[in-house]
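Labels A, B, C, D and E are assigned to the chains in the order they are written; within every chain, residues are numbered from 1.
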């Protein structure tokens, strides 16, 4: 084994690569570039938000005014909006997730195939409905319909602060917006979860069944662990949508100051609808306030996602992959 | 457990619920309340019955099955309600006035609507301009964001080795999902403004170029990209590695492997993710309002002049009727437009499924 | 703790396709039975009907009677879940639950029953099962590590440990050694020999030496051609099947004159 | 009024009967409340000037003024006149001559309610304020009943419906309350309804109107052209109760004191007979001088059309707003015809 | 069309873990070589370094020299893709592309690389490769059906056909028969015997009878314990390895006295 193997002339048969060697470089470069574009866009969005909201954040330094227009300090102005946004989104997620996961399971593990396909399609259709239409529906159909339920909730469960306030006659309360949001994010969570659930290895499902697991136990032992990261992903996607949704909330909610009661109209507001409602007439300081509120939403999303990542990564060793 | 158990429980639940509803309702009987009570009672009743007759595990299995079914039925309620609202409001108008599809609002004034509402004149105008706007803007947004989104998720799944760079992309893509749509619009406006004022000119004439279909498409892309990346990434991750290895072992280059093996295998999931993303942005109102202006005439050119998208048209027609004193004609147009918008996305969805089917792994047997 | 398996005129279908036809067999308790036969003849299919795993596949069903100690597992009102707790199964590809630790994998079956048990009880079960599967020494120091980190042979033994942990009456194994090296294979064959003291063991194998080594009785399945149903051709003492089969097809197969 | 003439453009305006040769696209933006009238104007102006296209972006008054100041719009529609600061910064796009306002769109703000069997209710400013702040909660409250001896007022709860969005209507309405009912209205002149008052709200005029229409006992304030079947409040002015009407609204503008650069200062506490004080004046804001001849010509042509009798009539028949009075028009036309090009 | 494989002091790593240490081997062209050894000893790992499939795994790398007809495949400037076109590979589990028909599976190596060819050329390649893999008769009527519809043995032969379609010089097979019944196994063993007329064939197997049946030379790998690197213990004519091995470890392994 002492022959000289590295003669340049002989080497050519391995180095003379077949066409397309450049393709790999170009393509991986493109893929990388796409990632860079996204980071740049996001950086621009962040810069845009920060620069535009500086006057509202530190009026003494970055503007001619002493304080912001809508309140004494920016924080005083924004915390009720942040609270409203978070409450509405969390309720929406709490309402939508179980139902969405349920439907996804229904499609992937319960319904016969002849039912599952059309149901999947129909649920996807929900995603097709523009948010204006959801808003209009929420405003005209839903808000009226929930009034008796709110009254009932207030009467019997009024001791819970969430149902503490008077129910009013129009149903244009935070809970109604949250329901509309829940309906809107339902298909997002469902369709992602469904695709993941279907991918659960048969091998593991059968292992569970062969141990004498019922269908539900099998789902708990194999489908959920396998899909955990995917479920959280889809919830994040839905939450993002709920946090950022403008039109539906704007049309449905009668906004007002913060209150724990989510069934009282004329209470609570969300950041996106606050922006949408007031941006057209805003200029100068008011505009900065609104964009600063947008910045806060951005930060909320950041924090929420950090928490989600942390949850996903905590059990990486035992992840369903491989 | 006998087969008829569930029927017995169901009947029991219905009867009991009827009693409970009339008791709590204080005289007035609520049908919704009755059904809700009955459903809850049925689920609980089945649980208890199974628990007693069989065992806890079967009861648990049963309660979850019932809950999954209820989730399904529960989701159908708003779905049917929304679709019914749109069809009931939009279909009659559209059938009576098919010209809505091929005329725009150019030349239509409040006086026309007033005579429509008060004197029964035929409905004027239409939403061809909105249709054109939606199609062009969505198409452009898709052209911008699908390649970026796909390539990014390919980078994440196929090329990155989990370094800080890919982790930060994943993280910030998540963050992007939460950008309020109006902020995306403002951002796109500012971006195009920056571009135009630095490279083209600052005079009013140039500044007036900012609002166009392209600007709206950029705004929508900001909203679309994260959805595309997120869903595509999940789908690529579940493509079995052995297929990639099979391809590499044949001496196929990585990029070709990705194109010819990985993407087709994941196509069904990717297609539904992209459809979801498109569906999301076709329904956007706020960002288009601040980026594309508001036109009454049809404009097919996304690189110049203002455009109106269907959701904007719907929103404005509902909120600011052409004739303030006669809102019906505007509302009719709005609902008809909403119907058309839904049908468009429905067709899109269908197309995506057909594409997905064509690519889907041809499985047979186990 | 060991049951007799009897099949009477059992037909197994995938949708409309009859995959296995007219199986009549009587498997003694506390014995090892091997199923052999060419690919596609329905060994796996029949095996899976024994613990009603077959019906997990959409459209799949069985006709006829299958008795476990005289009770028909396909009688109406029989809960497949109960059948499966009595009839354990080990698959061709090792499939430990990837999200669970080794310990939790073993206890998975018990946890299903919602049985509350003390830490020491659980430890006892884990040790007993792992010892039973000849795996204890190799993993006793890393019981809390994920099961997917083990080698193929170890994973397969983990799966066997998992299924004996619930103390079934019958253990079915579908080609348990096909992915394993001779050392692991031998370990598992030893294990099967021990298992038969307590359980009824049925094993599918392509390896005739293996069948000869471990099985008391052997069943030969064959198929006439693609699209035809598989049939049980001959069932007898292993030595008879391999040395003196009654049926020409069996003889051809075991002597390698097939195809 | 007759179309004046400058060196560069032929006499414009329909009254002179000679359509000018203006062509191109004029872009404006601003108050969404003007949208309906603007549709009438942008369509109508093409009859006089077939080659002139006017586009209007109903982005809201604030954004409209801002876009105008940034050069995005060649004219703005706004519910409020520009303040000092804005006028100063306008010199960047308009040159040292700055801007002027034309009160081209007048709309009475009706206080409208939904109460079965009642079409009209009399209230004084203090009562209105107390209703809207939530101090008066039922329709048969003595404060209301005393002013309406003839009406059968039920004991229905009052549901206050206000604008959820930032709005010129709210600004004018609260301006009226601040001026006319300082005792009961302690909140200030605001564009966004004070959030401390718990009440129902909806977006845009159509939103509050439809919410009021679907809620028994609701009361709201809205552009009078859109209130449809709702009952209205006749507002106490001096000794009498004045229901809203186009003439009464136009009178309020005519009697108003002139403000800066063509804006008007309404007198909310007027006691003059036949004047309805809750009026919204919406302006068109133009540059006195444009950067190029083409835009100047187009702005002039469009402005002239808007204030012309024909233009005002077109808007009235479409949008239902109150046409400006003859005197107001004369003044506006003069400013419009003085539009020229920056030197 | 057949190449010599030489490894010189080859170390293979997964990240920092040295999986295979100091392999020196010289594999003749036009021969069949079998790799045997207990699980985890690095047979697969070493096999995958031959066509640089190893480095597809994140963090995996090889040190030392590996020569194909004297050319170092790990020399800088060598394109791994070119190496892989010259060195084909068949995996333990058959993995036909699920989205492609049988025909497209065969043509995958050509088509995926964007090669253009006429219909008749393509047909020629498909038939030749399928005949080469002994599969032609079974599938000639359903070339447009999906490859995943075949039986396990057929799928495995399809994968072999797919890799010979690109006319490599070397074919590596990682336990190609472990999932197959004796009939399919025999078919593939026959095939291997034919393939060696044209290709250099390397096969990993756990089945020593199989190694004895098909291999000209056999390499025995072993591992001292978990966490230790695998090593090439002995490499010689198959008959020598099985009947008269030089090394005690080899003897223990082939005679079953391991563990």
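FYI, contacts are C-beta pairs under 8 Å (C-beta built on N, C-alpha and C of every residue); 3 or more make two chains touch, one makes a residue touch a chain.
A quick note: this is a predicted structure, and the numbers were derived from the prediction, not measured.
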Number of steps on the shortest touching-chain route linking chain B and chain E: 1
Between chain A and chain D, the fewest steps along chains that touch one another: 1
Pair joined by more contacting C-beta pairs (A-E or B-C): A-E
Separation of mean Cα positions, chain B and chain A [Å, integer]: 13
Centre-of-Cα separation between chain D and chain B, whole angstrom: 37
Rounded Å distance between chain A and chain C, as computed from the means of their C-alpha atoms: 46
Distance between the centres, which are taken as Cα means, of chain E and chain D, whole angstrom: 84
Multi-chain contact residues (two or more partners), chain C: 81, 112
Sites on chain B at which at least two other chains make contact: 57-58, 61, 251, 253, 256, 290, 318, 366
Multi-chain contact residues (two or more partners), chain D: 32, 59, 63, 203, 207
Pairwise chain contacts under the document criterion: A-B, A-C, A-D, A-E, B-C, B-D, B-E, C-E
Parts of chain A lying in touch with chain C, wherever the complex brings them together: 112-113, 201, 203-214, 217, 221-222, 225-226, 228, 315, 317-322
Residues on chain B engaged by chain C in the complex (per definition of touch): 1, 54, 56-58, 61, 366
List of chain A residues in touch with chain E within their complex: 1, 3-7, 10-11, 13-21, 24
Parts of chain C lying in touch with chain A, wherever the complex brings them together: 51, 53, 56, 58, 81-82, 84-86, 88-89, 91, 93, 95-101, 108-109, 112, 146, 148, 159, 162-163, 166
Partner chain B, residues of chain C touching it in the complex: 57, 77, 79, 81, 112-114
